[in-house]
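What follows is subunit A paired twice: with subunit B in the first complex and subunit C in the second.
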Partner chain A sequence: MAVSTRRLQKELTEITTAGTPCGITLLKADDFQTWFLTLEVLGESLYQGEVFALMFRFDSQYPISSPAVQFVNDETYQPPIHPHVYSNGHICASILGSEWSPVLSVIAVCITLQSMLASCKDKTRPPDNDRYVAHAPDNPKKTRFVYHDDEV
Partner chain B sequence: MEQPWVPTVDDLRVKMCYICREEEHHDRPTEPPIAWVHPCNCTLIAHESCLLSWIQSSQQDASRAQNALKCPQCGTVYELESDNPSSLRILNSLNTAISSAGKMFTIGGISAAVLASGFGIYIIFTSYGAYAVQEFLGKEMFDLVLTDDPSNWPWHALINLPLVPISLILSRTNILEGFPLVPLFLAWTTSPPVQTTENLMTARWRRASITGSDRPWGPILSWPPSPLMVTFLFPVVMKLYRSYFGKLRQRIMGQEPAADATIRRYVWALNDDRNLQLQVDVNAIPDQEEARAQGQNANQRQEGDGEQNDENQEDLPNDPVAAAERTIRVTSASLGRFIGGALLIPRISNLMGNILFRLSKYSFLLRHLLAIRPPRMGPPEVFGKWFDSQPWSRMTAARQFGVGMHMALSVMCGGTKTFAECDPVWWRNAVGMGTFILAKDCINLFHLWLTKREIETRRVKNRSFAGVDIRELDLIRPSRS
Partner chain C sequence: MKVVVKNWHAIAQWKWDTGNNDADDGDVEGDVCGICRVPYEGCCPSCKVPGDDCPLIWGECSHVFHMHCLLKWIGTAASKQQCPMDRRPWVTAERKVDATTNSAPTP
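Then we have the complex of A and B:
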């Protein structure tokens, strides 16, 4: 059993016993490679009533290596319109790249993204959206994002 | 409140690693014991092995490197202790120096390329090619085959010379695995000497000395081997060398060569200062933990506790992130080292050849190995004269064809006579280059080994819980004071 499996098993147990924070639900966690969670911003925000889905992809080195996290973009779920979220679902957030730390977890990432959406004041796509989406790799971890500002 | 007693990581009732989230209860210690460390000023604790692999993997990534030694919660900088001998520090600074030279080369190269668009890249490549020929073949041969005056150059020089820098650079990639100076050799050894006016005049005076048997090409089998032989043998020798050096490396570093690891991405990071390649190289090697785990497995097997073993072994961080995320970072330093290093091959060959030449004065064996000859006396022979001396008219068509084939084969294999008679500077330069590559690889391997040892001997400094509110901690004996 890989390190990632043991660790994800523990995170899953924690989710099923203690539950998830408000606005976050576990959609699908059938294996220890790909998980889906839904995300909703509760209270006053630009995203009231919208439900998004997040896809987490883990490699065997998790949590040493960060998970690949992106918003789901299919018939049921669309990525939010946000200055740091590309229309293909890729997210430009430093905690998924250079600021990743093993102390974080799936739920911690969800909470951070939830507050990123909650604090949004301007519902726009990133300025370079079209250019990025045209050439974006499948796995957002392969992109080297330049983090625009810290108040995500 | 005065606290005469400060708890440490060993006083915790339940320890939980903040990286792998494994727990350990004080009354049920894991077997075999795993070292715990409290490296900072907050309540986070971790397995030392988890923390070390996290530090190591973050240090590989330039964007994460500045956070590698920082606690994610309180920001305290971890203190590392390791075996860091002065030889490693010298090699590291040497490596840094070469990298900055490489960086300067890239910057210089880019400005030169911008200039070259005005002058024509062709001219720059060609002049570099001529320089390489002179360095590699030696002045004497250079004057025979090329001369300083471009108006004397044979037509093929204008195709061959600009190919020299390109083939040198390609020879350092996997695309072209051959002798880096192939374009240089294939044409020159087979072409007659340049016919300068001076040469033609002196040759006219020496007409009488030409006889029919005095053929204008060298023998097929001779020492040193002809350039064509070298061209064919070079890939074979190189392949053998790589495989044996790979085995040596494997023995010293104690693992399978990582060359087969699929490179998942190339990152262009021209503004990146850090030279991380070495660490990535070292990281392609399973760390000591695994070796240790295997040792422990062996011990445990004697106790008949087999099942837990297998689980245990797989749990340990085996192949570091490097293998999973093997990345080649193309930095300005590495680019400069790569291309600059390739273009320095003729110069280095020449220097090494000179050193060998000096040394050969003291060694009979070396003198014979390098086939050192005095410079040629007299002007080079003109190819056409041999044709004139042949009784072509008295030959049958078949014989004419036979002589022609013989001549073509001999020239291909042995080169022209002038080439064969020259002091084979190219040969000692080629041998010198081989010596240089061997020495370079050895130093590189030593550096790698020292770096590996440094990483293996790393220990994170343990700190007490001084400064942490004692009531926040779940201690075995909370009332102790």
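Then we have the complex of A and C:
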């Protein structure tokens, strides 16, 4: 059994028994490769009333290797408009890249992204959105993001 | 009266000495390795049998992990050789044996 399976099994058990934090729900976790969660910002924010979906993709080395995390972009869910979120759903957040730590978890990532949205003061796309999206790889982990501020 | 013991079962329990015994905060499940989330007394996901073959490792920052879990992390470039908990440079601590040997109860 892959190392990732055992760890994800534990996270899933915790989610189903203890529940998820406010504004975060588990949408789909049928296997230990891809999970979907919904995310919304509760309270006053620029994203009031909006619900987003996150896709997590795990490789067999999770949590030693970081999950590939992006916002879902389909008929039901669209990525939030945020200076660190590209219109294809890719996210520029240091904890998903150079600042990943194996003690983090799916829920910990969701909470970080939730607070990234909650603290947003300027609902705009990243300045290089069009250029990035035109050439972006399928897997955001293949992108070498440059982190512009250390708020997230 | 004469009692004859026909058979008996010895039961023992072991626990890693994490130096955290007196800080018993009522955590029923005990402490888990932050990387694999398996209790210290269990073994890392790569091992089948807990015990001496799957020991713990202590950092000078005081954080404890299954040795195999930590080494796997430290072996990656992404780790930058930092403790997963506090991102300080990982330095393996010498076990403080005196905490184990002088196990007289301290108030």
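Keep in mind that, in the parts below, the second predicted complex is superposed on the first by the 152 of 152 C-alpha atoms of A that agree within 3 Å, B and C clash if a C-alpha of one lies under 4 Å from a C-alpha of the other, contacts with A are read in each partner's own complex, and residues count from 1 in each chain.
Keep in mind that, in the parts below, contacts are C-beta pairs under 8 Å (C-beta built on N, C-alpha and C of every residue); 3 or more make two chains touch, one makes a residue touch a chain.
Since we're looking at a predicted model, the values are computed, not measured.
Asker: Subunit A superposed: clash or fit between subunit B and subunit C?
Answerer: Once both complexes are aligned on subunit A, subunit B and subunit C clash.
Asker: In the overlay, answer first, second, both or neither for which of subunit B and subunit C A:64 touches.
Answerer: After superposition on chain A, A:64 lies in contact with both partners, subunit B and subunit C.
Asker: Which of the two, subunit B or subunit C, is in touch with more residues of subunit A?
Answerer: Counting contacted residues of subunit A, the larger count belongs to B.
Asker: Applying the document's definition of touch, where does A:121 land relative to subunit B and subunit C: first, second, both, or neither?
Answerer: neither
Asker: Classify the contacts of A:7 with the two partner chains as first (subunit B alone), second (subunit C alone), both, or neither.
Answerer: both
Asker: Touching A:144, do we find subunit B (first), subunit C (second), both, or neither?
Answerer: In the superposed model, A:144 contacts subunit B only, not subunit C.
Asker: Is A:135 touching the first partner subunit B, the second partner subunit C, both, or neither of them?
Answerer: Neither subunit B nor subunit C is touched by A:135.
Asker: Which residues form the common part of the subunit A surface touched by subunit B and by subunit C?
Answerer: Dual-contact residues (subunit A): 1, 3, 6-7, 10-11, 63-65, 98-103.
Asker: Which subunit B residues qualify as touching subunit A in the complex?
Answerer: 18-22, 44, 50, 53-54, 57, 61, 63-64, 67, 72-73, 264-265, 267, 269, 311, 314-317, 320-321, 324-325
Asker: Help me check something: in the complex, which residues belonging to subunit A touch subunit B?
Answerer: Contacts found on subunit A: 1-3, 6-7, 10-11, 59-61, 63-65, 97-104, 142, 144.
Asker: If you look only at subunit C, which of its residues touch subunit A in the complex?
Answerer: Residue positions touching the partner: 34-38, 45-46, 69, 72-73, 76, 78, 84-85, 87.
Asker: Going by the contact rule at the top, pick out the subunit A residues touching subunit C in the complex.
Answerer: Touching subunit C: residues 1, 3, 6-7, 10-11, 63-66, 98-103 of subunit A.
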